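Each chain gets a letter, A, B, C and D, in the order it is written, and its residues are counted from 1.
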């Protein structure tokens, strides 16, 4: 039985984590932390009486094994530092830390022998897609990426598509895309070290990515669809036991698969 | 029984036409024309003795009902003019005529009451895709196009993708694509009156197109794959009887479907 | 401005209809009906004061042009009869009427010159898929259907897949599927007049259907994805003005597209 | 430089191998074997003078490092035995050996320290699909398989689909498919230890396979398309150097990736 504390438990992802932990026989929710909200209010959230509630980092006293963090960019570094220093293994889904901050935490974790996981994406399908794309590119280096998102997503390409391109690029190196003459500018997409990336924005779509490989007489396509952010819980569920026994602070869910 | 003459019968598409006509009980091959090749040589091509062979336009005497033309850009206009003037209904798959030339031929056809069909694409799947895309866009105006071809195709986007965009644009009018901020230039594709077009070039691929429609909570995708230019014969087979009874020179296979 | 009454407005689809009507400048919500709930309770639902609330059919007095019905199988026949008799054009999304009931209502509508629409599926993408599939089958009669739904859906195939097969079958007639030898029983799917149907059930999936056409050297695929039942509102929005001017009771959204 | 002998070099796959070896700077064609055809005839095949031609196993004298075998079921066992005994590393694409024969050859290879590769499928995309599917099933055990082939393929499911199911089943064990009620028999597909398999047969299609994984709120799909048997050469090209240094007789291309 792994004892879990959820930081940011009143947010949308925090709530999903609470629910997932409660549904899982291998996990026990022992603490819930959300700054700036008084404990009386938190008591109305329907948690079991065995769950200790905290509204300030200083107050936290817990025997939790794992600290799941879905808080905010400005708080996450302090939270994870606190967890490691108190021997609690972090599972971090909050975005916004700098590379330097991640490095500092990794040093601290190594020194304290309290490992854990920081992951920009806890969606299993997205992480598996990236892992497989990286592996396929060794054998089928001709590749393009198409990501598709709802029309409210302003930035393009998606972070996952860029990460995929970076991972592919590591194994196949620079390789120019086939020569083209665009009669309509931009039609051949964006170019990341010779990997063409295309971003589609349409209402109705949620978050989807395809990696297309072509070779003589054949094609391989890997596609993932995220219909719902609840899919992140699939990854958090895997990360909790892995973090509990980690001695390093691992970056990227793919590194525990 | 429709009597057919094949112009350019020694080329790849001409040969496929000869084979298709021979396999079809409703058609009879009565003439085969290929300029610049002596008739003695043509006799070795395995055609039936009933097929009259011609190596020059001037020599052609035929009772053909339909003239199927897979020749070359410089010859097609003269060929089709000859056919109409001699009361033979043209089915034209040769590319390269100007809009002006097509208009001239349409006028001639109307005047002589000898109609036929000129089609840039005889692939049924491509033509159906365009037809359906145009219809869907009335109800689902949010749309993007992805075309995928082999890596030797230099021009982008494909002619079919551009035609698709034009047909969609006719029904939905100008509608800007969702606002985006590209962190990698070109990633949002080419823009045709607000319709984003993406072109993929990969070895192994042949000729494929997808039209993606999105609406609140739903998506519709129409995809066509051309694995082989032999697929053009599916369209030529439909075009021959339609041309035989046409009184206008129709442009586009979709207009007989 | 079309005046709308929503029957079953407290249910999930009714609520979506209320919201859609309120967001649309061409429609005005003038009545809301939900049996068995007292009007005092209904007043707390946040509707405008101009909306008349009814909890019993007998009490309804309204100048509504259109009656949108998302109620229950046992109530829908009576509701639609009431609407037509009072000159209100019905838009019916409630399932459960028999063919005989539908016929009776169609007779009544014709007699009263008060038309409307009954549709088993208001998802635009699903209706367009069926329409296009029927048309494509004229030219590409070799076809199979794959439907994909969440793993809680017990019945297979889906109603939409069966309707698609029926519509295709009408145009292409009986045509046996290619001969196969199954080394694993059932692998070639179900057979509806020679059209093979395959049903996939997986967690994460919502409601999706693909129709695959194959021809010599080419393929055409039409796919629709329903991510959310909110997508039904796309169809209801189209149905309201069409119903308002209909003089017959039309069955199937495809017949107004 | 790896010296290669091609057995069955006059067949379709043998010819493709000859061409691939000739185009590759790391390989040298030193021998070509085809039983039952006189050497004089073989000399007309356009091979370089440095290639020794053999029409009988007994006559073969060669310094080849690797023996690529695309022959016939009745000959392959004898050929591979001959190769191993003469210190030539086999790359075997010929089908038809029994498990017992494969085991015998593996024993012989181990004893002689002359390894190689036997692969039922040299298509890289198919092999990568199987490998990834096996890995994904550890994390996303809910899975179905759809294979799609041309309408002349009589047997269903395809060998690759069955192999995929077997590999997935090894890692996820028995897990019943979701409960369904079929209103049309067979619609839920074939069942291999709880993995549903669906086979599509349509003209135009070549050889394609999809593996669909579903999890809470997400989906992962791996798809491969073989447009042309020439794609097998992508795998043979990888297998030759791997075989040349193998000390075991490896079964399955996936085991060298």
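Methods note: a contact is a pair of C-beta atoms (placed from the backbone, for glycine too) under 8 Å apart; a residue touches a chain by one contact, two chains touch by 3 or more.
Nothing here was measured: the structure is a model prediction, and the numbers come from that model.
Between A-C and A-D, more contacting C-beta pairs join the chains of A-D. Averaging C-alpha coordinates per chain and comparing to chain B, the farthest chain turns out to be A. Chain centres here are Cα averages; for chain A and chain C they lie 39 Å apart.
Between chain A and chain D the centroid-to-centroid distance comes to 37 Å (mean Cα coordinates, whole Å). In chain A, the positions touching at least two other chains are 204, 213, 215-219, 225, 227, 231. Note for the complex: chain B touches chain C at residues 123-126, 128-129, 131-132, 135-136, 138-140, 213, 215-231, 233-234, 238, 257. Within the complex formed with chain A, the chain B residues making contact are 142-144, 146, 148, 151-152, 154-157, 162, 177-192, 196-205, 212-219. Contacts from chain A toward chain C in the complex involve residues 204, 206, 225, 227, 231.
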